[in-house]
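Going in written order, the chains are labelled A, B, C and D, and every chain counts its residues from 1.
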Amino acid sequence: MQRIRVGIVGAASLTSSVLLRLLALHQQVEITFLTSETKDGQKVEDVHRELRGVISKRLVPYDPAEMVKRCDLVFLCKSHGEFWERTGKLIGRARRLKSRLKVIDLSADYRLQDPKLYSLWYGFEQKNTDLLKEATYGLTEIHTGRIKKAILIANPGCYPTCVVLGVAPLFKAKIVEGIPLIVDAYSGVSGAGLRPNERNMAMSTMENILPYCVASHPHTAEMEQELTLLSGEKVRVTFVPHVASFKYGMLANIYLKLKKKVKYEEIYRLYREFYKGKIFVRLLPKGEYPQVSDVVGTNLCEIGLVYDQRTETLIVMSVIDNLIKGGSGQAVQNMNVMFGLDEREGLPYLP
Amino acid sequence: MQRIRVGIVGAASLTSSVLLRLLALHQQVEITFLTSETKDGQKVEDVHRELRGVISKRLVPYDPAEMVKRCDLVFLCKSHGEFWERTGKLIGRARRLKSRLKVIDLSADYRLQDPKLYSLWYGFEQKNTDLLKEATYGLTEIHTGRIKKAILIANPGCYPTCVVLGVAPLFKAKIVEGIPLIVDAYSGVSGAGLRPNERNMAMSTMENILPYCVASHPHTAEMEQELTLLSGEKVRVTFVPHVASFKYGMLANIYLKLKKKVKYEEIYRLYREFYKGKIFVRLLPKGEYPQVSDVVGTNLCEIGLVYDQRTETLIVMSVIDNLIKGGSGQAVQNMNVMFGLDEREGLPYLP
Amino acid sequence: MQRIRVGIVGAASLTSSVLLRLLALHQQVEITFLTSETKDGQKVEDVHRELRGVISKRLVPYDPAEMVKRCDLVFLCKSHGEFWERTGKLIGRARRLKSRLKVIDLSADYRLQDPKLYSLWYGFEQKNTDLLKEATYGLTEIHTGRIKKAILIANPGCYPTCVVLGVAPLFKAKIVEGIPLIVDAYSGVSGAGLRPNERNMAMSTMENILPYCVASHPHTAEMEQELTLLSGEKVRVTFVPHVASFKYGMLANIYLKLKKKVKYEEIYRLYREFYKGKIFVRLLPKGEYPQVSDVVGTNLCEIGLVYDQRTETLIVMSVIDNLIKGGSGQAVQNMNVMFGLDEREGLPYLP
Amino acid sequence: MQRIRVGIVGAASLTSSVLLRLLALHQQVEITFLTSETKDGQKVEDVHRELRGVISKRLVPYDPAEMVKRCDLVFLCKSHGEFWERTGKLIGRARRLKSRLKVIDLSADYRLQDPKLYSLWYGFEQKNTDLLKEATYGLTEIHTGRIKKAILIANPGCYPTCVVLGVAPLFKAKIVEGIPLIVDAYSGVSGAGLRPNERNMAMSTMENILPYCVASHPHTAEMEQELTLLSGEKVRVTFVPHVASFKYGMLANIYLKLKKKVKYEEIYRLYREFYKGKIFVRLLPKGEYPQVSDVVGTNLCEIGLVYDQRTETLIVMSVIDNLIKGGSGQAVQNMNVMFGLDEREGLPYLP
């Protein structure tokens, strides 16, 4: 089989560094085009030290004509609001040329179906409503069928991946009480990117835990959209994210009321059936709690369930590696699905 | 004024190490009696390196007769269930001898008014119901009046201190909706003590965050007791503690529904009035979130408030140093109140 | 080609956990026999959580007869002094049965050629001098030729791997002045194993750096043996190891005087030639210093060189992952060499 | 006694934050003047969160006339090369007005007696040779007599404080062999200041150890100056600093050859006599190694000694808190000496 010719826009970013490491080990991929505006002309191995001796390609300016010609798939590693117009133009150009180019966008630009939500949560106006309708939310385990045929994948945010996978079986079964969901979650500092801020400086993050964007993080909208979609009922989420003093990984605790009293065993069975055959989601045995360190470096999501009989509250704990399953790993998983490969190809499952 | 003659039972423990550091800097205290069963005969400065050159007293076996004779105040630094009978006998002996000996118990042995809760949450039977009735729960800011006159203080647990201080004004004002409170909290590894276990080994705690005792931590009962007492209504708490990868400090996030829609400003005013003159509780300005690193090394509790309009949920964030305000610091604060000293004497307020 | 049938003695250890993760991803290996005295009867995936769903084999008691029958290669993951006699017997039995069984010993038991050094540095008497003579020190890059033909590999310690690779080109070229070498090195806490001690408890290792075994660490003898062997001159090493507050990785700083004034470029060329074709050793460009985080999770050794003109001192900085190149990774590398596979098979080179 | 009226130039810096915390607890100090160019007009408690409720003074622009009028002592918390000319003018103005104003400069501007060394190590030309001659190097334990009478104190760098205190008794006794000293040292990330760089970003410092300025750190010159002064012989130092993954503290390992074979006991006695009565320097008992966590938060320097008989090398290990004894704490200690107070006043000695 011919290898997938892959390009990356924004190849100097932290997201891209993880993506490149995964692609470098992927047997079915050929990296053909890497763009960067800030590091134009430099070798990728000089920008990302860890790729030294592995990928020596040079970074070049963005060039849609060349990308359409030389790529089967383009990963977009830009910040939200920066690229959505050019994404539309790139896909338009590909169509006009009858190219079969596909795009996986790791930014938030095409994640929310409702364009009004962009101004509300992200502060930019997303006017490409046609493409928005066509975009597929790339939570692999939930939307596998649509991902297979998609041209544009909106790769999910890290928190929504962790949370939606954690509670999807319950919302699908429509057994969650209609009160706001409470989500308390912690990300490693890698989630705060490379531009200096309070959440990625050593002095403010070491020996500390920092709540931020309390009840105002834009990932809230993604969670609400996906859980509403699964259950058919309007879902509201109170979401409090933190930066914790570790580099990689993410834990989300989700607190729910169920519509009727249920036995732990029934809930457990529900999850088992829902995730049957889903290789990257692991349900922990009763009494075990998931730990960030068990999934760091992998594309896994591990889920633990506790039912508090005293307060009739279900506690779901879900962990992922924020940069792998919560970012570049899921992007590669989506690529595998889009190109008919084994879902696991090139993806680590051992910490 | 004459200095308070102080004894400690269990002086080789981690709790005691922090207590000794505070007492060493306290101008009104004379340390007269330090007991240890395991380190009997050793100098305290050889057991706790950091006290080298500061306290050279020798550890001796427990001796109630001597303690009554040579102490005005005894701190008990034993684990729960280990000492409750001897505590009763010590106080009984003091009374018979008309001694004015007072006791501050840092274990959980006299915290819960209902003796049935001990077997339920701690697995030991607390039969000294007479003394139980007499014991005063030492949450200084809440029970100041009773602490002044108390003979036996049950010094609060770290999590209940952090949580009850965080929401006391709301429960006192009876404006919390009668649904279970959700508490998501993280402690530094120092909370896991010195005996090796998964929660204090470096390999399991570094670069990780560990949920433990999910919905089954005995501190739940303390929170429920104190909040029920404040509001006059039965309160239930869903409590999920974690060990986070830092040494000292604690953050609790508390999620509540209020009985009626309230403005942020009203809630804020409520807190301001409730904590007026309480030097160790600090309400943060609107928009600021508390951080563990701001209170580590101090006896402070800092509280941040966010009202999520979208979901009508109040989020209270409360931080303390788990070993100071959450343990030995509050014990010293209680001592100051019991002996008529300035509440701040010997207590750090700068991180 | 038929897969190598592999057994492990002491499969519940931390060393073994890393080894199993590597072997699980190795295409040419079949795991046939895992022994443990303490966890006998348990499944390996229950002992090492991270192997869940990957290896479900049960741990069994050590049985040399079965091992000879069912294994082509046995890895020994026991502590030093525990197994050296049984190692001799296992190899003896294999020979009598004309089995081609090979052994890689990850303990220190067969590393030092001089039996007197064992009692001096390790406190046990190594009497199997015949086997000692036959054992090959498994520093892959240095002894490749002998490793190919070896029956018993003494897999090197983590510090000696890091240090000897760091300075081998200089000693081989006989340009080092005959004064004691100064080695200042730091290991992550994973180096302190799983049994609780000051060097792996969170409270003593977080926010700290702990010197230990100052000028008395047994790895000193390994360094001296190998450097003496390379240069033909008696080498003495002053070695100060530390535990630093990270989990994985190791950095060694080595300070040397050279026999004559040399140019940086000459030294650099010496290294380049010495390590030509050695895929896992990377010489950094002038002006760059190696970092632990660049090699964690890989089998790489990265080396940086600085020549201090003012004091005529050469500073060599060498980093490895202490558990991979410094342990199980090098063991797999040696296996690859012994069985004629590509040296890189199954070994990670991206952090 | 009247309180010392204290001003700070550069009061928004990290150095100043530590200094202000110490001064806030100092009984004999009144803070009268705080300057900042960047945060002019803000309250100091808004710039340094931890001072909230403790110091509410406003930051104002630098004004030498006012400072002379309203201060007995000025602390300079500027970077090297930024302020040396104005320092000269400030002292000149004070003299002309017959003010007894004293200055403690926490930058490197007046530390090196030889003006040529500034251009060599710091890249700026220090032309104020008159004032340079008059400045007193403020290593309190070494220069106590001169500090008492000094007008201008050049407060030492963190590394030189740690290293010179560690080996001063040996150089004073002239028993060190004339070969370059080897110093391998690690600082917490707080040493890298607040401006974002590789040495204070969480992603590059967590789970890592970073060598930097290898054999080229300007503190080398301070060490050489002071050790040469003590011994009367030209001393050369090979100095390799690192940032380790903790926030506060510093460890230096120093490797020396002695002129003649000496017994450990003799060296030990030498140290004991040299530091007799020096309250902030602690010599550890034989067999104990100093640890960063034992001195963090204090003004202590702890020293451990190991003599390696095999290689005839003396290993000195010295630890301090890099921001306290290595900065603001020593500045306060110098203030105490200059104004005839108890040396310990306001200085923490418990971690």
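Criterion: contacts are C-beta pairs under 8 Å (C-beta built on N, C-alpha and C of every residue); 3 or more make two chains touch, one makes a residue touch a chain.
Worth saying up front: this structure is predicted, and the values here are computed from it rather than measured.
K.L.:
Could you tell me which chain lies farthest from subunit A when each chain's centre is the average position of its Cα atoms?
P.N.:
Looking at centroid distances, D is the chain farthest away.
K.L.:
Could you tell me which pair, B-C or C-D, is linked by more C-beta pairs in contact?
P.N.:
More contacting C-beta pairs are found at C-D.
K.L.:
Between subunit A and subunit C, what distance separates the C-alpha centroids? Give it in angstrom.
P.N.:
Taking the average C-alpha coordinate of subunit A and of subunit C, the gap between them is 38 Å.
K.L.:
Any idea how many Å lie between the Cα centroids of subunit C and subunit D?
P.N.:
Their C-alpha centroids are separated by 41 Å.
K.L.:
Distance-wise, how many Å sit between the C-alpha centres of subunit B and subunit C, to the nearest whole number?
P.N.:
Their C-alpha centroids are separated by 48 Å.
K.L.:
Please list all residues of subunit B that touch 2 or more other chains.
P.N.:
206-207, 245-247
K.L.:
Provide the residue numbers of subunit B that touch subunit A in the complex, in ascending order.
P.N.:
180, 182, 184, 186, 204, 206-212, 214-215, 236-238, 240, 244-249, 251, 253, 255, 289-293, 296, 304, 306, 308, 310-313, 315, 317
K.L.:
Which bits of subunit D are touching subunit A when the two form their complex?
P.N.:
14, 189-190, 192, 194, 196, 200-203, 205-207, 245-247
K.L.:
Going by the contact rule set out above, which residues of subunit D touch subunit B in the complex?
P.N.:
21, 24-25, 49-54, 207, 282, 294, 297, 349-351
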